[in-house]
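Labels run A, B, C and D following the written order; every chain starts at residue 1.
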């Protein structure tokens, strides 16, 4: 058996029997153990603290989770409103009635010209024949139109403008230009309806944006304030530990765990609240969706978003605790 | 001079010279003075306390005022949305095309019949002549219609259904009934558009309602929690005062003033925030309003509502302080 | 003025702090409570000030039966008792002046009178110069003196003090005890818990000795009129630490009429 | 082990608590700090534990120049100093056991060792039976003893105590002082601030006397080996208060070899 084999055998034996960390000196091993133990103790002790005053903890968690879930709810609302706005776009076609003398070929080339414009998304051509058939089936004038000897209808182009959901300003310019084109007899555009819808969407988006911003701020403030209050109430404990020679990490540990617990629990409560709100909104959402014939599905919180919310909450709790302890730790320095 | 005159003169003299409260014994007067002085001192001292830790006070006020103004903002949003919904109602007329053989008198009696229905708000009659004129001016068929020898249009009734803004369900039944009436040729009702709008409004109202409820809860919790934390931090002060023989009212006074100050300041900040939001929303509101040709004015917070918000805030602060001190005061009783 | 009848106190933890305690203190009488650490001295004083209620027996203070005092009358009873706490219990966010003024504010005194009486009290404990200071900037002994000033400022009919001289040097201790004795002279009932046996001896007052919650001795010196001035003088001699002079001072005093006043205490009680 | 060189401390309020203070304590030496209330005893001890920094001069503790200690090394210095605080500073929401265990936890001791050493320390101050109690349910003297157990549990090379016997009865005080003296014997430097001049006298140790922040005397007894057992015995005789026996006990002691050790202190210093 050569040396390499021996080495391998030693390695195998080593991995088979999990020996204690090999080269750390005894006192260092002991300190590592104590360190791990202190983590475990801080973890349990901070949870016990919260459980020890259930009223105060519940209050704090409710405030924190409300502040956390409200921006998410608003964001959901906004996101869905935007999707809704997108779906409403296809009802926004501009009816362009060409002059009666324009023939099919000219109409087609004019349509191609329009299609190359940057502010136009789709151009559909409706021939006079199609127009008459549609008119007959839709309007209440079926009988009246029977008396017509010839088809008096012109070619109609249905132009869908390419605009952002939020801005309703692009359309009027396009409509104006189309109206003054030499091929065009008249432009029909249900401007009132469309402006209203656009305005409503823009208004909602703006309100939701402002509210979400305020609520995000509130979430931060509430978390910070909560952990700060907790720590101010334990200032004596911190200062005694400092006087006994505890370093910053040791003093911080239980508070950071407290922050983590607050964050994790508040995150869970927030997720529950959001689920509750989604259930409460199921009925009107259903109605809204059915009016779109199933083309449009409202989306709730995805798994990824739920995890992001939870992570944000935990991080906020931890960060709040970190900031608040830093302040208190500075007070314990010798002057 | 008889007795009555004398009495009157005495009364006059009394009211002219405001004498000190006449019959209170000296020590009672002194205690009253001390009581008033303690009120004044508590009032000033509580303000000084808040001013003495500007960071913490600002944090608390921000959280409180955010929690206070958000439900109000949502309520404003909801209220305006409802008003908007109301204004959109008049675009909801159902076009009822009567059969060509119906003459003007029959049409009028049919309209009267419809007006007596509970689910109908307004019925307008459009004669064939009015219809043709409108059709000429609106549609792109002006030239085409010139060739018509007689007026082929029937009488049209514009029926506005009487429904709550939130429920879009009533209309289909009415439309169905109208469509099957023996006088009616065809019913035109842009059901899709209307359903969509109704659904959006219902959805928004539900969301706003849920959010407002959550936020109202948050406001209460935040105020309670804030004052509770403040008092827990001053538990020693309370217990010392109790040991020195202060009664409940005396111990409570400075805390109630603190609660009042918090409430009043948070109320002011909330009003400022609402004003800021109103300014931020001015642009999209303008757009929204202009699409209604000025017929519809968005309303902000009225004076009465502003005062109500302020009063709510002050009351919440006071109440929170009262509840929180009660708990602490019970701890100071001898066992 | 203070009357204990078969008083017992058992804490919820099961600790029996006092048992079968009976004694009576007349108006204007001064007495010390002595006893080992944990003997029940603080518990006894806490019950006089209605900070705690006994689990058995009756306590009467200022003619008021404390067992029958309703919760809303507790403040009135406490206002009649000036208390020096073993741990001062000063309000750290108020100035020395405001701390001492607190009992007067609670009693509803007028502003001018408060200022006058607070300054008089601070002068008595030698802290007039520090009236604007924050309590944290005082030494522990100075804090204790502020606590004493707060207890006496309202001139209460009953004055109780828990270890008022624990953090004071011997000379100051003697001066503070003299101050308490002065209150006795104007008719105040004074009850002081103390470990300072030398000082208690010199004061020549009645001594209640507690041992594990039981009253094991109630010693009344025959010649209670040992001059208070002598106490202060002998204490001054005693400081700074000079064993010879101290022993002399003490020896003199014992020889000069206090030998007869030796309390007939049974030796060898409780180790703590 | 502890070396002060021209140390001065002026508080931000303008109060000059210490000035021109110089002394040196060897490893394994025990000394008392005496002085009137507000003389600067606590201030001096606070600076040894790096709770405060001097405004002038140099302090060396355990061979470490405190002026040059960076903020992140402060904890290490403090771990080398066991401190008994004048106001105990126990954590009220932890049991007696957990309070005493705190320094060992901070030092990173193993669980089993913590238990053993905490019980040993509690036994030394006579509170082993109360290890599970909450500090609020203890008498003030018991709390102070828990604070002493916490200071000695880590066996620090330097032990400082601010008025450790202020709330203890004379017998217990003597026992606690004996405990400190035992630490001296195992090489610990011990510095104790105290008002109890009788006790200081009997201990026969070095005494630093402060007056208004100045070191006015540094008295080293010639015969420093006054038996500690004798101290405890005489204290036991001294309790309960029996002027006759106390005087006898003291007289004997003075006669029996301490007369030569009378500190040559100048009389008539500062009224507080």
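Observations on the structure shown:
One rule holds in what follows: contacts are C-beta pairs under 8 Å (C-beta built on N, C-alpha and C of every residue); 3 or more make two chains touch, one makes a residue touch a chain.
This one's a predicted model, so the numbers in the text were calculated from it and none came from an experiment.
Number of steps on the shortest path from chain C to chain D, with steps defined by chain touch: 1. In this assembly, D is the chain whose CA centroid lies farthest from the centroid of chain B.
Once the centre of each chain is set as its mean CA position, chain A and chain C turn out to be 68 Å apart.
Averaged C-alpha coordinates give centres for chain A and chain D that are 62 Å from one another.
Between the Cα centres of chain A and chain B there is a gap of 28 Å.
Chain contacts here close into one cycle, and each chain has exactly two touching partners.
Applying the touch definition to all chain combinations yields A-B, A-D, B-C, C-D. Contact residues on chain B toward chain A in their complex (touch as defined above): 56, 59-60, 62-63, 66-67, 69-70, 73-74, 77, 84, 88, 91, 95, 97, 100, 139-141, 143-144, 147-148, 152-154, 156, 168, 185-186, 188, 192-193, 195-196, 199-200, 202-207, 210-211, 214-215, 217-218, 221-222, 224-226, 228-229, 232-233, 273, 277, 280-281, 283-285, 287-288, 291-292. Chain A contributes residues 30-31, 33-35, 37-38, 236-237, 240-248, 250, 333-335 to its touches with chain D in the complex. By the touch rule above, chain D contacts chain A in their complex via residues 12, 49-53, 71-72, 74-81, 83, 85, 89-93, 102-103, 105-111, 150.
Contact residues on chain D toward chain C in their complex (touch as defined above): 11, 13, 15, 34-38, 41-42, 86-87, 126, 133, 137-142, 145, 162-163, 166-173, 195, 197-198, 200-201, 207, 209, 217, 237-247, 250-251, 254, 258-259, 261-263, 265-267, 269, 271-272.
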